[in-house]
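There's a structure below that I have some questions on.
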Amino acid sequence: MADIAISTNKLTKRFGDFVATNEITFDVQQGEIFGFLGANGAGKTTAMRMLCGLSVPSSGEATIAGYDIYKQTEEIKKHIGYMSQKFSLYEDLNVIENIRFFGGIYGLSGKEIKEKSNTLINQLGLQHEAKKLVGSLPLGWKQKLAFSVAILHEPKIVFLDEPTGGVDPVTRRQFWDLIYAAADRGITIFVTTHYMDEAEYCNRISMMVDGVIKALDTPRNLKKQFSAASMDEVFFELARGAQRKAD
Amino acid sequence: MGDVVLTNISKTYNDGKTVAVDDVSFSVNKGELFGLIGPDGAGKTSIFRILTTLLIPDGGTASVSGSDVVKDYKTIRRNIGYMPGKFSLYQDLTVEENLNFFATLFDTSIAANYDLVKEIYVQLEPFKKRRAAKLSGGMKQKLALCCALIHKPEVLFLDEPTTGVDAVSRKEFWEMLYRLKEQGITILVSTPYMDEATLCERIALIQGGKIMSIDTPDNIIGQYPKKMFAVRAEKMSTLLKELREYDPIESCFAFGEYHHVTFKAENGNNAEALNTYLNQKGYEQVHVKQTSATIEDCFIRQMNE
Amino acid sequence: MKQFLIFVRKEFYHVFRDPKTLLMLFGMPVTLILLFGFALTNEIKNSKIAVCDYANDEATQRIVEKLRANNSFEIQEVLMSHLQIEEAFKRGKIKLAIVFPTDFNSDLQHVNEAQVQVIADASDPNTATTLTNYVRNIVMSYQNEITDGKTIPYQIKTETRMLYNPELKGATNFVPGVMALVLLLVCVLMTSVSIVREKETGTMEVLLVSPFNPFLVIISKAVPYFFLSLVNLTVILVLSVFLLDMPFNGNIFLLYGESSILIITALSLGLLISNSTQSQQAAMLISLLGMLFPTLMFTGFLFPLENMPLPLQVIANIVPSKWYYIIVKSIMIKGLGFSAIWKETLILVSMTVVLLFVSFKKFKIRLA
C-alpha cells in the first residue's frame, strides 16, 4: 500500500446540524493527478481543509502520505504543499525572497534553497525578474511561481485550490505543463477547478454534490457512464440535482 | 449609432508606468449582449469603471446612451446598472434589506419593477431573511444582479459576474441574461472564461489592455486561418511533447480530452501522416480528426501573434 | 428624503449587527470612565498622616483617638509646630496633616464653635479628596457625639487646604477630558472605518454609480454616529454624576449643544481620514494615533497646559478638545452660561467649518 497517497474512509465533517462532508471515501495513488470537482457549496473546501490537516474531522478516518489525519497533522504538513488562488506569495517580497522564505519554512538548508531557486528561476524563465517584487508580475507568472514554490520541498502531495482562475489560456496550459512535470516526478496532484477542460487533464475525477461523492472515475469512463459528450455535461447531470444551493 | 461608444480610450496607473487600457475603441448596439473576453489584468475592469463613470480616462472619449462619461456622469449614473467584480452587497444585511436598500437608492421599489426581477427574485425569496454573507456563490451572484436591475437600467454592466461560480450556476446566470436581453436592455459583460464567449452576440477579445478582435463569435472562429485538428492517444502528456517536436506541426495545445493541432502547410494528408507517425512512435489508440476552432484557439493564436 | 432615511437605517443595521463596533462604541467610554475614575478613587487604607496638636486637650485627644482607631489612617508623626508640616510633606512621609489650634476645647465649650485645619497633598487629587472627606466625617461624628441632647449645637469647622494642586484637578477634571476623548475617538474612528469598509468591500463603487448624491452618502454615514455619540455622552454623564459624584451645575442643553459641535468636528475629521486611506486597518491606525495622542497631550486634563513650553502651548490651540474641555468645565463645574464661553465656542465652530469644507472638497466622487 506504499503507493497510496491519500486514503479516506467515511470522512465526515459536521457544523452543528449541517453535514458539510458526508462519509466521503476514496483513495488517490501516488503520482496521480486527481481532480476534485463539485458545485459551489458542495463541501470541497471543507474536505480539502481536513485533508491538509487544517480542520479536525467529526468522524471517519484518513491517512495522508501514510500519516494519520488526527494524530500526525504536523507530519502531514511537512509532506504536503498547498496553493490557492487567493493567497500564494508575498507580493511585497521579490521572487528570490519568496523562494527563500518558503524554502526556509519547510526546513530546507541554505545550500538546497540556493540550488533550487536557481533551477526554478531558469525553468520558469524568470532570470530578469528574480529581483522584482512578486506584486509587479503578471498573474499567470505569479501562479506558476506559486506552484513551483509549493513543491519546492518535494512534497508527496500538493493541494491546488482553483490554481488557474482568471489566468490567460496560454499561461493556463503552461501551468498544466508544470503540473504534468510534477506528476511525472511522482508528486500527487490534488486539484480543484471550474474549467471543465482542465477536468479532462486529470487521471481521475471525483464529483461532489451536497457533501457526498456522487461519482469517481477517469474522465473517459465518467463520460461513458453518463453517456455525455463532454465533462461539462457530466457536471450538469450530477450538479443539477443539488439541493444545497443557498449554502 | 451605438448605445455604448468608446473612442481611443486609454488609461494608465502609477504615473503612466502601468498601461491598463491602450487606445481601445468599440461600440455596443442598443439591446445587444456584448462580451469583453480576456484574462485577469487584460484591462476589462478599467474599461468598465470608465464606462460607469468611476474612472476618468487619460485619453479618448466614451459615451453611454449618448451621455459623455466625464461630463454627464450624473445622467449616466441614473440610467445604468453596475455589478462590480467583487461581491459588493452588504454582507451583514439580509437579502430583503439589500434589495430594499438598493431600490430606495435609485428612488424606486421592488414592487415597481417586479416584472424585471421576478424570475430571479423568486429563487431568492425563500432566503429573504438570510444575511447575504451566508449565501452561496451562485445565490450571491443572483442577488447582486437583482440589485443592479432593480431600477430598470437601460444599460447593464456586469464585470466578471461568473468568476468563481460553478458551471451549473454559470449556465443559469447566462439564461437570466438572455431573458433580460429580450426586455431590450443593453448588456456589457466581461468574463475570463473563453467558453462563455459563444453565449454573447458580439465579443471583443482583450489582452494586455488592447483589443485583439471584435466580431460575432462565429465570425471570429470563421476567421481562424488554419484547419484545426484534434488528436488523442493513450498518454496525453507525453503526446503533447511529442507533437510539439513533430516538424510539420505549427502549434499544439491541450484542449480537454484532445490536443488541438495546426499544421504549417495545409496538405490534404496531414491527418493521415500524423496518425502514421504517432503509430510508429508506439502510441496506442491514436485518434486524429478535423475539428472546428474554438474562441480559446482564436485567443491563443491572436495572443501569440 | 426617503432615500436618506433608508440609508441611515442601513448604517444603524451595520452598527447593531457588528459586536466589535458596539463594543467600541459603548465599551470604550464606560471603560475609560471607570478606569480614570473608579480605579483611582479606590478605598484608602493606612494612609500616613501627621497631627499637630497645639491644644492637647480633652476634645482633641478624643478626635485623635478616633483617627487612630480608623483603619484609613496611620498616625505617622506628632508634630510640635505647624512649620514642620511642609517638611513632612516634602519628605513624602505623610499624605495629610491635621492642625488643632491652642484653645480648641475652650472655644468649643464657650462659643460652641471651634476650628480644625486639614492640609492635604493634592498632587494625588483623588486620594486627597477622599482623605479630607474621611477626616471631616470623623470630626463630624465627634461633633454629633458631644451635641447629643444639648439645646445649642456645637460646631467644629474643618478648614481644608490643598497643597501642590489647590484646584484639585481630579475626578471633576478628568471627566470633561474623557468626554472629549471619547467623542473624538468614537466619531473619528467610526466614520472613517465605516466609509473605508465600503471602499474595501466594493459597495462604494455601487453607491457612486447610483444617482444618490455622493455627499448624501457621507452625511447619512455621519448621522447615526452623531446620535450614537449623544447617547454615549449621556452614558458618560450619568456614570460620572451618579457613580463618581461629579458636580453638574450648568445648563444641560448648552452642554449637549456644545458637544454636538465637537461631534461634527470629529465626524469631518473622520471623513478626511477616510478619503486618504484604502483599508480599515489604516483608517483605524490613523484615527487612533492622530486622535489619542494630541487629545491626551494637549487637552489639559492629564498635563496642565500652563506648565508646558510656549511652542507646545501654541500647538495646543489647534487641538479642538482643548477648547471643548474649557467649555465643559465652565458649564459643568462652574455652572457658567453661554456668555462666558462664546469665545471658545466661536473657535470650535470655526475649526468645524474649516474641517467640513476641506473634507467635502477632498471627497472623491469617483474612484482614485
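Note that the chains take the letters A, B and C in the order they are written out, and that residue 1 is the start of every chain.
In the analysis below, a residue touches a chain if its C-beta (ideal position, glycine included) is under 8 Å from a C-beta of that chain, and two chains touch if they have at least 3 such contacts.
What you see is a predicted model, and the numbers here were worked out from it, not measured in a lab.
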Smallest count of steps, each to a touching chain, taking chain A to chain C: 2
Centre-to-centre on C-alpha atoms, which chain is most distant from chain A? C
Specify the chain pair with the maximum number of C-beta contact pairs. A-B
Can you compute the centre-to-centre distance for chain B and chain C, using the mean CA position of each chain? Integer Å is fine. 60
Approximate Å spacing (C-alpha centroids) for the pair chain A, chain B: 26
Set of chain B residues in contact with two or more other chains: none
Could you list, by residue number, the parts of chain B that touch chain C in their complex? 49, 52-56, 73-74, 77-78, 80, 82, 84-93, 97, 100-102, 104-107, 147-148
Complex interface listing, chain C residues touching chain B: 2-3, 6-7, 10, 13-14, 17-18, 201-203, 205-212, 365-367
Can you list the residues on chain A that touch chain B in the complex? 38-41, 138-140, 162, 165-171, 173, 176-177, 180, 183-184, 194-197, 199-201, 219-220, 230-232, 235-236, 239-240, 242, 244-247
What does chain B use to touch chain A in their complex? 38-42, 126-127, 130, 134-139, 163-169, 171, 192-195, 207, 236-237, 240, 253-257, 296, 299-300, 303-304
